[in-house]
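After this come two complexes, each holding subunit A, first together with subunit B and then together with subunit C.
The block that comes next holds the complex of A and B.
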């Protein structure tokens, strides 16, 4: 047994931690000012009324939350957001995984294929949404031209309450899959080829290898991507401004978009604060839930 | 057999993935008459770009975005380096609590706290300035976390050697840690630049004049006027705003992909 190395000579403790705090001060001034304190004041404001004209803000107790419970648009938007998450997260993760598996193999023109998958990620969402808006234009855009070619009539994907949200989801999946692919690619590179080789010698087919070796080893990555995807599903609303403006009749509005409208179109900042509290609570809950639920299934090396 | 299937699948998906973009590029480079009609021999033109450039002050928007992205990047590098160094190399009371507070920002982002942040900026009298767009993002929890992880992997022997030579702790940070973390800085820099080049909601809220608007907001205002701007012109403007990033990406594809990977896995 080799004796453990003696620790490095510690500098005097006192000076030590003053140094550390000084180093941290600039970052924490900004962190507190624009993240932690606003999060707390949001909670505070959600219990108060919005100041209007001469009437100053006053304590409102749970009024904002009562309004929220009886607000049909809130429930609609919340439902939309949940559907949006269910519709985009598993699909984009699955596509990302397939992309990564394809690109990590020897493939003719691999550089082009990888670029094609990844390019949407680097483009501004606002620009991408404009491209898709054109793509979806009824009777005119490529979408209708392709469906028309197969004998379907004109369709107004974004203008119909039934399909508007789906149209928005497709754009999201298109934009996000390539981003998630990168993380899978990185993870795939860390899997030792000998493991796959050993499985093959044992007579395992490609599907068994994927199911029993590759996929379990990718689990931490899946968890990481999942958390990212959840946060994005509740944060990414840029494309809604361009594609639908939340319409028709709030059919494609999401929670953060509704917060934006409430605060900056109707200037009801207190109600917007209570909506933000719901969003924050939802995010925290989902992150925790995902962490504990998936954590048990994650295979750590 | 499986291999052929895989290749076909990979290529099919790749073609579907580039289709919207390719279509936009095609219309942007052809006269408006061809925007709904595919013709291989349609004349190529740059007129759409010229029209878009004249129709809105894009030059100014580009300048604004450039200043914005630079300010944020410099601010983030300085603040995150100092904080990450403290977390990686010091033991002090409250370290774990403070680090947890940093991690909170990965979930509770300034992007969501728009209402209260708008109030703070108004209180500071900074509405409609480029500084106002940058301020909430200057201290990045993600950046601190990433740099701390990198700093932790620096061998202690290097620090000891520098101490023996009589370097101060700030000197050690600048001469030992920062140079060794350069790949992480590159990775984080690329991610940060592309993120803030693309950012939209907060700049939309906090700016209201040509002098401060970044390209994303400028593009949205240009594309949403009802005056019936031709699609080919809008597409040209769209490509123009993503152009610098797209070109940079195509040139440095390897670094980009690796940077995003590096930023993600650590």
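The block that comes next holds the complex of A and C.
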């Protein structure tokens, strides 16, 4: 015979929170060890000098931040990053939306087209960058072969300071658009077909339906994608490793890549820490702004 | 609100097939102008497809659709001059009640003054004035239904289509909306095509009922005629609760020349009579309040009788029933059609043999 369980009220309440903490601990330990403690350490380090040889680290106050303000490379890289965000985010969101609208229609081979659009997202980023490196190769890369066929001269997109950043941006758009398309596709399936039918009966053409029904209903998705895209734009690093290495002359270097270089190539860890703090503050500001500014204009179900 | 002139709708030999499956198998239908026509049938009979073919939301595989004098078979929904109320109302969740109602007028680019004037009129008519700034999600089911009606009537189009508009409402609200929709149609005078699976809705609201079954039309008639003279055994059993008893001639002991007939008698038209022509045994009796529903068996065939008042019967008790000759419906078993043969009906009522 199973003894009857005591009613919940009679059991001591402490037991519950002990269990809760025990269950939370493993995840919490990892979060602390790999996120929260490093974040605080970074903040702490950004106010100290980098230890070099026999000279130990000392309190530096805002020295690192002063250095940062007078660092031309920091401003250049930040500018690059802003241009990178402006150049990639709207374009990739627009392309994602157009692709999603296109593949949510009933067309033959729809599954294949969807898969094709999503492939860039599945591929490892280093592989993607290598493929594009070949496309861009001066002389015998894909682009030069095509332009050469029409009688144009060779180009060196990644090698020239004017075009290197654009070259990286194109790869990013190509990769992000397929990823964002999936979100739009999922959102499109949740719009009841009768809404579109009702709009058609009321006399709306495809453009009016998109402008007044579909797009407003996709706004929550657009906001979500927008926040993600901004964060991604400031976290971009892997393509740069393979494609340009930040060059030439920092023309295609972005914030995170500059942080990496400062920390692990020049070993100026304290300066890198203060760069990181600035990057985080910037991201937090952008995300907050997006949520507070756009949230009021978005209809949630 | 000014009265509009409805337009007649005509479907000729309309077929709709999806690959192998044919959901409309040749529909010929006249829907008179300015009247309330209900399309009634069990689920999957093609009634919604018929409505969507009229709306232009489905293209027809064969046949033609006329609205008024115009052949609209190939026209998109926007050019057919009709409005529609959907089962789930299809209100735009991101727009306010007012914006939902004037959606079509804005698409037409009607000027704002006229738009506001009509909105005020419709809101008054449907008692929506206090809710115009709300989003649909903040309304009750009945109010959402009214918004959908408002959107349908504001553009004053000659034809209004409704696809089971009341099926998401509770019973009390449904009764209320039924009357409201009927009044609205009478007042505004548009042609109404109303799809439903609920015979009560069809019978209480419609001027003309179109009964459909398995992609075909069974009968087109007024509600009274549908009840008093069903054209097929299907129509006989679909209309009326409990459904009509359909009995083989053998139950009456009648042999000669009647084997090809099915005899239909409604349960509410059977009366207990000592020497009645219909003899049956009681299987079960259910007391329903005002009446008693008796389940019977006669010569191996089950039938029902609805008797006024409270009766109790022992299981297996023999009963005899009589009925009027004009309440007898005869159907040919092979062609599944009605046989109007007053003499033979009378002979069954007398007790043929």
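As a convention for this text, the second predicted complex is superposed on the first by the 288 of 301 C-alpha atoms of A that agree within 3 Å, B and C clash if a C-alpha of one lies under 4 Å from a C-alpha of the other, contacts with A are read in each partner's own complex, and residues count from 1 in each chain.
Rule of thumb we're sticking to: contacts are C-beta pairs under 8 Å (C-beta built on N, C-alpha and C of every residue); 3 or more make two chains touch, one makes a residue touch a chain.
Here the structure is a predicted model, which is why all the values come from computation and not from measurement.
Of the two partners, subunit B and subunit C, it is B that touches more residues of subunit A. Of the two partner chains placed around the shared chain by superposition, subunit B is the only one that A:126 touches, whereas subunit C remains out of contact.
Once the two complexes are laid over each other on the shared chain, residue contacts for A:52 go to neither subunit B nor subunit C.
In the superposition on chain A, A:201 contacts subunit C only, with no contact to subunit B.
Of the two partner chains placed by superposition, only subunit B is touched by A:187; subunit C is not. Of the two partner chains, subunit B is the only one touched by A:35; subunit C is not.
Residue contacts after overlaying the shared chain place A:216 against subunit C, while subunit B stays out of touching range. Touching subunit C in their complex are the following residues of subunit A: 192, 194-195, 197-205, 208, 212-213, 216-217, 219, 299, 301. Every residue of subunit A that touches subunit B in the complex is listed here, in rising order: 8, 16-17, 19-21, 23-24, 26-31, 33-39, 41-42, 45, 95, 98-99, 102-103, 105, 107-109, 111-128, 130-132, 134-135, 137, 140-142, 145, 174, 178-179, 182-183, 185-187, 206, 221, 224, 231, 234-235, 237-238, 241-242, 256, 259-260, 263-264, 269, 272-273, 276, 279-280, 283-284, 287. Within the complex, the subunit B residues that touch subunit A are 2, 6-7, 9-11, 13-15, 17-21, 23-24, 27, 36, 78-80, 82-83, 85-87, 90-93, 95, 98, 101-102, 104-120, 135-136, 138-139, 141, 144, 156, 160, 169, 194, 197-198, 200-201, 204-205, 215-216, 219-220, 223-224, 231, 234-235, 238-239, 241-242, 245-246, 249-250, 253, 256-257, 260-262, 264-265. Interface of subunit C with subunit A (complex): residues 55, 57, 76-78, 82-84, 86-88, 90, 92-95, 103-104, 107-108, 135, 137, 151, 155.
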